Amino acid sequence: MENTLDKRLKKLKEEVYISNIELVKKNLVVFTFGNVSGIDRKSGIIAIKPSGVDYDKLTPETMVLVDLEGNKIDSNLNPSSDTKTHIKLYKAFPDIGSVVHTHSRFATSWAQAKKPILCLGTTHADYFYGEIPCTEVISDEQIAKDYEEETGNLIVEAFKNKGIDYHHIKACLVSSHGPFTWGKDPEEAVFISSILEEIAQMNFNSILINPKLENTKKTLIDKHYLRKHGKHAYYGQQ
Amino acid sequence: MENTLDKRLKKLKEEVYISNIELVKKNLVVFTFGNVSGIDRKSGIIAIKPSGVDYDKLTPETMVLVDLEGNKIDSNLNPSSDTKTHIKLYKAFPDIGSVVHTHSRFATSWAQAKKPILCLGTTHADYFYGEIPCTEVISDEQIAKDYEEETGNLIVEAFKNKGIDYHHIKACLVSSHGPFTWGKDPEEAVFISSILEEIAQMNFNSILINPKLENTKKTLIDKHYLRKHGKHAYYGQQ
Amino acid sequence: MENTLDKRLKKLKEEVYISNIELVKKNLVVFTFGNVSGIDRKSGIIAIKPSGVDYDKLTPETMVLVDLEGNKIDSNLNPSSDTKTHIKLYKAFPDIGSVVHTHSRFATSWAQAKKPILCLGTTHADYFYGEIPCTEVISDEQIAKDYEEETGNLIVEAFKNKGIDYHHIKACLVSSHGPFTWGKDPEEAVFISSILEEIAQMNFNSILINPKLENTKKTLIDKHYLRKHGKHAYYGQQ
Amino acid sequence: MENTLDKRLKKLKEEVYISNIELVKKNLVVFTFGNVSGIDRKSGIIAIKPSGVDYDKLTPETMVLVDLEGNKIDSNLNPSSDTKTHIKLYKAFPDIGSVVHTHSRFATSWAQAKKPILCLGTTHADYFYGEIPCTEVISDEQIAKDYEEETGNLIVEAFKNKGIDYHHIKACLVSSHGPFTWGKDPEEAVFISSILEEIAQMNFNSILINPKLENTKKTLIDKHYLRKHGKHAYYGQQ
């Protein structure tokens, strides 16, 4: 008889596997540039994509289990090289259940430009409660110390310094690198990656048409975000 | 025996359903970002997409019927959160039979840039008799009062203030939001959304090549619009 | 027994039909925005797409035959509204056997920008022996006189005034409108439309990266064009 | 009994054929604009795509064998018109086993803009150890002397003058022309072409958002390139 933890981890690996495949279907990754992880909060065990394995060779069983110290639990495969970044986010953002990293084209273009994605309209405000921040460029000390962990720190610091609530803006650009997103589960985190790419492309277009654009006013962001989220939401069938 | 109104409404729901699906096929919406409605003018009853339901779960039966005061008639589902905007347009533009709202990529990019789509050529002039206006940004008072209804008012005011005839320009950009289009029936309104997206993309390209472009001269717009529309039209097989 | 002219015209209609469909497959037209014609030079009879008919309703039989004065020969359908432009080109350019008009996205964007497509590299020079000209904007007098015929005149004048040989540059942009291309037969004319769209897109990218670009030097254009065309060609299997 | 050389060449032709087809599948060529070659280093024999043959008519047998002087060995078909450029690279870069030339859209756009592709982020640094150089414009003397061989010389000179190691940057843009890439075998060389196109597009976006961007700092390029390449690599399952 399987114990409950085993069952939960098996389900987690399946969800993480499906969401990694979903990244490909949604054109958010090319080749092996991307990874999804999910966490079982009770045990603190994370399932994550193995490093550098072609997407067509992935199965639920190839997902690698690691603990919050990064120790592998049951696999011969190496976990994603970005595992420590994921762990850092799980530690800093206690309510999230999944992290996604992609090199999706337009979100990455903004990260390379070292610019936040301003909130230019209601498509953005429907899903993100303000601009998507872009971190500082990683310092030479951080690169030398522990590159992947410090990448996580850059995200956490960006949210802390700018007073951003990770519950309401579930995405961050890492300067010169690319986007990370998160959510309550892999499905939501991938969905956020997908919305992020769409608004990244529309905002690219908008600022080329009108380079003077600034963030949409707070009252309009409030209206759209809050009609979909929180206790006064009236969008959908809830 | 079904009465005539029932038959008409059944047919309307089917048309509205088909056109909502058509939005997806034509890549004019991602996820649930878009809605089509149609009206039965005799009874004043509108069929509209339900709010926040995935496109693959829609059927003709899930289309929600509402009257011109926004009261639901026969459904357990909530109508689109944009229903009041649609109603405003049906009241102000008495000859239209359908309204479409999308977040299509390039039209939305122009709305976010708060710029009208100038008439830069004959592709535009074949379908729209002049530039596509962009509304004022919604005021804080309007947001507080009734956001969706006031969105409709912004469109109506833009057409009134600029002296534009809604019969000949069947589209409007709402600042910081996205496009609304209309037509005699859902098929035409979706077609207009599709043409709008195409010209939005070409005009984006054109103004990046040559930022000084202005509207095409009136004589050329007249020629193209009027060879397709009105009593002197000679395009097609009529 | 069919006579020879009938056989030739039947074959011509088939070729013109196939090439009209090819425009759709190559994404060079949306909706009904485009037309291909071909000419039987012996009889001076042209086969052309009917006006405003959906592509999925076209058959070889629906292609309309007209003479060089624009008179219909055997059809109940109206020929393309651009027929007089095609005829003008057949009269001015005696060696061509087909004319194609599209509203393909990037070529049309350049036409709307009222700019020629400079020869910025070897992809261009492999197929066009210099920049693709853009006509003058049509005058009010020309619009009033005979719009479609004068559109043809604009193209002919552009080639004459700039001393361009239509054998070596088989495309022209009409200001505020879109591209026309030609060739020895419908297959070649559609191929040229397709190459034109590709270089229109690459040149758009290149001038955004480097706005100061000018035409590639003559020696490089000569090398590439002449290694593929004319008696010293050494490209391919000839 | 086949001798060993025959077996090796048969296998090489198959690999070169497959990789030429792969270029089409990955949308890196339109029409016949592109070619892949591979070399058997023991014998110095190269297999290369024939010149100007449609991709759907290619088979492994149609690949043309030439020696390092450019002499055809066993074919009635002409080799790619770019054969001498490939040969030049095989001679100058002794460790490579394959060369690829494409006119892929964004890489060609940069070549036409006569600009290197800066290293703007980790997607780039994962595969290329610094910026992708762009050659000088070919001189009139070089065009007159031996155009294709001199194109190879431009690439070799660019690497020599800038002190770039061809093992770590496996791509070069030829000014006003397009990209060449290489690798240990055809599969790798095509993969590099594909990555190059992706970063060419992202960098296009990034410099339009922020025209002041410069190369990413050396420490970050080192980190990403070296975590994937060389003896301290820790990416993947090695």
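The first chain written gets the first letter, and so on, giving A, B, C and D; residue counts start at 1 in each chain.
Throughout what follows, contacts are C-beta pairs under 8 Å (C-beta built on N, C-alpha and C of every residue); 3 or more make two chains touch, one makes a residue touch a chain.
Because the structure is a prediction, the values reported are computed rather than measured.
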**Q.** Shortest walk length in steps over touching chains, subunit A through to subunit D
**A.** 1
(Q) For subunit C versus subunit D, which are copies of one sequence, does the interface use mostly the same residue numbers on each side, meaning over half shared, or is it different? (A) different
Q: Calculate how many whole Å lie between the centre of subunit A and the centre of subunit C, each centre taken as the average of the chain's C-alpha atoms.
A: 48
Q | Mean-CA-position distance for subunit C and subunit B (Å) | A | 34
Q. Among the residues of subunit D, which ones contact at least 2 other chains?
A. 207-208
Q) Mind pulling up the subunit A residues that touch subunit D in the complex? A) 30-31, 33, 50-53, 77-78, 81, 103, 105-106, 108-115, 137-138, 140, 143-144, 147, 176-178, 204, 207-208
Q | Residues of subunit A touching subunit B in the complex | A | 120-123, 126, 191, 194-195, 198, 201-203, 205-210, 213, 216-217, 219-220, 223, 227, 234-237
